[in-house]
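Same chain, two partners: chain A is paired with chain B first, then with chain C.
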Partner chain A sequence: MPLIQETDYGTPVSKAEKTVTLTIDGVKVTVPEGTSLMRAAVDAGIQVPKLCATDSVAAFGSCRLCLVEIKGRNGTPASCTTPVAEGIEVSTQTERLKQIRRGVMELYISDHPLDCLTCAANGDCELQDMAGAVGLREVRYGYAGENHLDAAKDESNPYFTFDPSKCIVCSRCVRACEEVQGTFALTIDGRGFASHVSAGIDQDFIESECVSCGACVQACPTATLMEKSVIDIGQPEHSVVTTCAYCGVGCSFKAEMRGTEVVRMVPYKDGKANHGHSCVKGRFAWGYATHRDRILNPMVREKISDPWREVSWDEAIGHVASEFKRIQAKYGRTAVGGITSSRCTNEETYLVQKLIRAGFGNNNVDTCARVCHSPTGYGLKETFGTSAGTQDFDSVTEAEVVLIIGANPTDAHPVFASQMKRRLRAGAKLIVLDPRRIDLVRMPHVEASHHLQLKPGTNVALITALAHVIVTEGLADEAFVRERCDWDEFQDWAAFVAEARNSPEAVSAITGVPADAIRAAARLYATGGNAAIYYGLGVTEHSQGTTMVMGMANLAMATGNIGRRGVGVNPLRGQNNVQGACDMGSFPHEFTGYRHISDDVTRATFEALWGVTLDAEPGLRIPNMLDAAVDGSFKAIYIQGEDIAQSDPDTQHVVAGLENMECVVVQDLFLNETANFAHVFLPGSTFLEKDGTFTNAERRIGRVRKVMPSRSGMADWEITVAISNAMGFPMHYAHPSEIMDEIAELTPTFAGVSYDKLDALGSVQWPCNEAAPEGTPIMHIDHFVRGKGHFVITEYVPTDERTGPRFPLLLTTGRILSQYNVGAQTRRTDNVVWHHEDLLEIHPHDAEQRGVRDGDWVRLQSRAGGTSLRAKITERVAPGVVYTTFHHPETQANVVTTEFSDWATNCPEYKVTAVQVSPSNGPTEWQSRYQGISEHNRHIADAAE
Partner chain B sequence: MPFEIWEDTRAQAIITAHAGHEGAMLPILHALQAAFGLIPEAAIPLIAETLNLSHAEVHGVVTFYHDFRRELPGRHVLKLCRAEACQAMGGDALGARARGKLGLDWGGTTADGQVTLDAVFCLGLCATAPSAMIDGRLVGRLNEARLDALLEQAQ
Partner chain C sequence: MSPDRLIYMANQIGKYFESQHRQNAVDGIADHLRKFWDPSMRRTISAYAKNGGEGLDPVVLQAVRALSGVGPT
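Then we have the complex of A and B:
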């Protein structure tokens, strides 16, 4: 498609229901009350010249270019700041207005470089456009006066430049940083002629509070804030709308292209998850797609200690098929399995589980959701009937109380965090349950009413205590519960939570949270109006992850906070397609749409369409596969886009399992850590190189569109098809849309989904079927999907992972804004500027006891293993708690995490590990040994070798 | 008037004392300047943290107002009005004279730390233009002789 030029209405939309009719340049137009004259004019097909206005931020009225005349009124008001009124007659083009506008433009241009031909914004500059629009022909002031033409350029940010010589001080960047992103990193320094845009305290952008979201660059009407990629390449010539491949927000982007080269990624205003906003990852960190580390040829080797041998696709695929057949013949049908990827598309994930169930003939399929949100699927299905979040993101605009549990949205889901912050600035109250003082606890213009800083591993005790207050203080919504939930179960549950041992006073000793804070938070959640829960892996990655998910569901049902806008229970999904991977039947016990494989009716539909007999017994989960591999009964694995050697807990156990297999097939972009133990490497394709769909955290299915040819020659779905064909289970798809058609045919919640519909609507939220042809933004509106809401008793069982004299501290892990998961992508971009190593956050008190200073190397040791990294002393963590990220393979934080996991789903207990921290002077033995193996096992043989 | 030497805990006490008020930033800035004679960069993180604002926002306010000083003034501060009425009554020439005699540009302080010369835009004394202010005291009907006397007194 050609370059998409989105309409800029100048000012934000008015949500008023009442409408007003007026006339602009003789054209009658009816718009919502509160709409600006400028926006009404656009509706009437008229563009009023403007510079400081753009529809992502509130009107400002500073540029004086958008002046209009209104019949019967004096003066020339700014059309951006003047609201419409019934019956008025507005003129946007009169002789007087022309004169004023030219005069204003003359002033602007008298202090602006005249280098349009060599300017990076040439062809995409609103100042240039306005000079044309107002008919500027001369600048009577000349150019010799005092000016800013020699102002120094700030190139400190790796992705964009700030050139104040081109700045017209319209404040669009300042306002975008405040209103859109909510960081407030920019201001106008000084006043009058001296005024200029300042990042932080007149610092370089990189040193300021800027989080590099790109909102300012997008808002800038000139070349002042400009992507370095545009400076390097030039203006794009066509756009392709696609979906970001980072977190579960699933932002919609325009890939702006020049041929097959990406010039820039620009957030798409029509994107329903992000409404034209982005973060540093989606906006800028896509350079990994063309990074030199990309593996572009298939590779095979006999032993993992051999160097890699580059082979043809035919040879690689043939090798995989013959090895899997050999191993199945020798060790049995169930000795092989596979892992689907939450980074790949729905269609690709679907094909991998199809290959395993139908081609391998067993159900040994699992996905990385096992290690993140599997408790969400289980817990929400039990209580509500659907393994997914209940709301769309926009629902938060009607929340009056936001309860964040074990999530850090400003780092991990930044674009949704911006929307949430907007709501919080508008007055919604915030409660945070987290062992760590996340940014949202207190950051400019946002402050939590309560931060319940609990000890890691005590979530369930705390949620039950909140329920205790709600039940015993009579704050439950009895009418809602009687109508919508199982009343008997509720009474049992209420009696349980009301027991004295679940009171805040009793639980305080377990959680470390003062009883009065628990009481106050419970009262606010129950009585503060619409209350919405948003949670992350701080809920799920525990031995009682599933219990906690059900505990939150109980709380929402008991207070009637479910089934309408502004409320709900919402998992913030870590990966772009973790929802989709789960939906697509990636779990060993479930077909697409969360239907159990033992259900004969469902299985029969798959058997009929696939033409095979399917196993009715659930297969192995990832940890079971690894255990079986260590035992010697599981011998081959096909891993699509996942790095279990870095991301899964207890690395040494993972490595032992991998080393014990006879054929490990890794399909990925890069030689990841797991590939160190692989026999076949199949080079996959990035999201820029293939068609498909991703499903975000709000169940929104969005299109991924190919913008460049696959660099390895095969999209991931094509690789799976080739393996399946070689294994003797033919698959025939000419395009991913045909895979989606098959998914829709087999899956009631996807029955109405097709590429045609996605093209027409932009995106759609499942369930999408005959009952809801345009999808379902809010779930459980009139009744729960399962019928009556199911209350589950949530007995707190402390984890066996406890502190003691040897391991007195609790380690919890998480993510940081600039890096993503195992870092395979973000470490290969300039995002490393912000975070080039994992750090261990430790409280000053604990640091002092151990003689650790800020920046010192420390050894982090648990009963599972040890690693070394640098310490960062901070009060963000409570005494007794330490925190780190797991983005860097050199650190391998997961060497330290243990084999403990959720009772229901085996989701690992990443968030609680008893550790000791001690001063150290370098890498641990494991790190050195692993580094050696890693370097050796990555070697690719030269053609001559 | 001697100013206190900047000290974080003392500054924080001043900030905290005003923090509860609505629109606390300007009263805080005035109080800090009254105590220390200036608003150093070190004040910005303290104010931002206390009022839960960004550094940029505080910096924007501090730099918007000429009267908030980033550097210590001289022992005496002479402000000459440069607004329209005073210009019409010969203010420009008096300004030039003052700058010449002190060897300063607007906003400068003499090397001995004795006098700071500031421009001001309207003291609300147009009826007695040209007007000035020295150490907070208003002076009307300024002429060369009175200006010289003020400078002498200040030096």
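Then we have the complex of A and C:
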């Protein structure tokens, strides 16, 4: 593909339905009312010169380059700020306009360094383009006068530079930071000649509130804000559209390339999840792909204490197959299993579950979604009939009330958060349910109407209390419920929630949230117009995670907030392909499309196509596999792109399970923590090195396109194919598109999906089939997938994880913007400048009681284990609650988490652990010992050894 | 697999189904175990139930017995 040059329409699109017809340079054009003359001109095929306008932000009208003349009107209005009017005749090129434009350009250029030939933006600079467009031939003012040519560069951000000598003070960056990103980090300070762009209060970028999303860099028409990678490498020459491999927003990007080298990632305007925006991870943190820590050769060893031995692909694959066969012969068919990855493509996860079900002959397959969103699958399927969010992201633009529960979108789903913040700035109301004061509770131009700061572990009590208010105050939407849901079940449920023990006044003692705040929030949700729920792991990672998911679904059904735009129940998925991994049959009890393996009709279709008999019994889940390994009945595991030794709870138990196995196969980019216990390491490929698809949190299937050859020689799907062939279950695929064709053939909700369709439409949201050939943005419109909506009684069952004299505080966990999950990728990029260690947030009151000062090392101890990290004293957490992230292996936060899990799905209870915090001198004994083992077990033998 | 963990999990499941008004708890629990527990886990808990099933909540015990074909007591 050549370099994709997207059209810049100069100003945002108008959504008006009424149209207006006008004439521009003799060309008749019809556009929506409210469109700017500049944008209408682009529609007519005419580019009006411009500098301060770009279509990602509202017009400002400062540069005076885009002037036009309108017949019968005086003056020369700016085309970017002048709306169209019926019947007007506009001229964009007259002698007068040319003179004015040249004059404007002359002034700009007289204060601009003339180093175009050596400038990094050479060839990609709008100032340069405009000088050409207006025919600027001389600058009469000379450079002797006062100018900004010596202004100092700010290179503090690791990914871009700010060179004020090149700035034309067009304020596109300032507006992008406000309107696109919603961070308000930039301002234009000073007036006239002294006016300049300032980050924070005249700070360096790195010290300001800037979150490094790059929107300003993308908006800047000159080389002032510039990617360092472009400065280093030069301008790209071709681009390929692909999908970000970090989070569940699934942003679409142009990978801009020189040969096989990525020059920069630019968010794609046509991307339906991100509309041309991105966050720091997707745009900048791709350096891990070429990091020196990447393992590029397969490796094998007898014992985990041996050094790794590099071997050929043939030897490694042969070894895996013979070990798995040996172990099955010795310990039985069910003594082996595998784990699919939410970081890999749909096609790759599909193949791993196929290998396990058909090649290994059992259903011991699970996926990392077990530890995050498995309750979503169960809960939404039970209530609505389908295991997925109900809306597209754009639906939030029509929400009047946004209810965020246990999610922190500005950190974990930043691009969707930007869209949400835009809606909130436009007047939608916000309710936050979270034990911690997340940024959205109060930030520039956004303030939550209610923050219900509940005690960790009391979600279900609180959601039932909200329902109590809705039912007892007569706020339920009875007409909706009668038409769409099971009326008898509703009445049962209503009677249950109406019980006095579920009233806000009674529940207040459990949750710590004042009754009147619960009442006010419930009233707002029920009566504030379109109300939409967005939730995250703060809902699911509890012993009652599934019950809470169903509690939210109850609330949406009772108030009729489901089945149209602006409403719904929406999981914000952590990893890029959690949705896809679940859709692809990664759970031990389900085929693709969430169909139970005991269903004979479904199983028969798989058996017919795969040519084998399949087991009709559910297999082991990850925690069950580990339990079975500790017991000695589970002996070998194939782990695709997943680091269970770091991401799963109760690390010491995980380690014991892994150590007990005879063959642990890890397929990953890096020697991760799990690889410390592996016998075979198969080097995987990054998303830049393979073809496939990811499915984001709004069920959107987007293409991943190969931009460079695989550095290890094999894409992950090819590795699985090779193992399967060696195991004696041959797979024949020449390209991932053929795998998708098989998925479509076997899965009713994917029946209409093909690579051709994805190429044509860009992306598509499942269900995509005959009934919905272009996909389904909003679900459950006329009826629920299951038929009638199902109300579920949500009895609050307190977790057995309780505080007491030994462990008086509650620990809850989360993530931050610049790092991604276990951090294997982001820790290998410059993103570490924002977060180089995990910190323990603790309330000043609790800190003072323990004699802990900000920055001190503290020991964090639960009944499962202990770890040490530094303390950060903050009022974001309530007294009695502490909080940390889990991005760094040195912290080993999961040494502390316990074996408690969700009743329905075994999703671990990460969000509630009773702990004690005490001053400490540094890492714990376990941390030091683990560090030692880890270093030893990572050793790779020299060829001569 | 050690029964302790399974007993804990089964009782947790039991609590949910006991609170549902419109579904028979025993059926609900048994159905859940059939759908989500691998046969070796079901065998272990069934064997445990046969030997008295100490620690299993009464409805859970019934459900586990129904599962193994022993029938509710």
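Observations on the model:
One rule holds in what follows: the second predicted complex is superposed on the first by the 945 of 945 C-alpha atoms of A that agree within 3 Å, B and C clash if a C-alpha of one lies under 4 Å from a C-alpha of the other, contacts with A are read in each partner's own complex, and residues count from 1 in each chain.
Criterion: a contact is a pair of C-beta atoms (placed from the backbone, for glycine too) under 8 Å apart; a residue touches a chain by one contact, two chains touch by 3 or more.
Everything quoted here is computed from the prediction, not taken from an experiment.
When the shared chain is aligned, chain B comes close enough to touch A:H445, but chain C does not.
By the touch criterion stated above, A:G190 is placed in contact with chain B alone, chain C being left untouched. Touch criterion not met for A:E261: it reaches neither chain B nor chain C.
Contact with neither chain B nor chain C is seen for A:E774 once the two complexes are overlaid on the shared chain.
In the superposed model, A:E86 makes contact with neither chain B nor chain C.
In the overlay built on the shared chain, the residue A:S633 is in contact with chain C alone; chain B does not reach it. When both complexes are overlaid on chain A, the residue A:E478 reaches neither chain B nor chain C.
Touched residues of chain A, counted separately for chain B and chain C, are more numerous for C. In the overlay built on the shared chain, the residue A:E209 is in contact with chain B alone; chain C does not reach it. Counting contacts by the rule stated earlier, no residue of chain A appears in both its interface with chain B and its interface with chain C. Residue ranges on chain C touching chain A, taken from their complex, read 1-2, 5, 9, 12-13, 15-16, 19-22, 32, 34-41. Residues 41, 44, 48, 52-57, 59-60, 63-64 of chain B touch chain A in their complex. Residues of chain A that touch chain C in their complex: 334, 363-364, 488-489, 492, 496, 543, 547, 588-589, 596, 598, 617-620, 624, 627-628, 631, 633, 792-793, 795, 797, 899, 901, 903-906. Across the interface of their complex, chain B is touched by residues 183-191, 198-202, 208-209, 442-447 of chain A.
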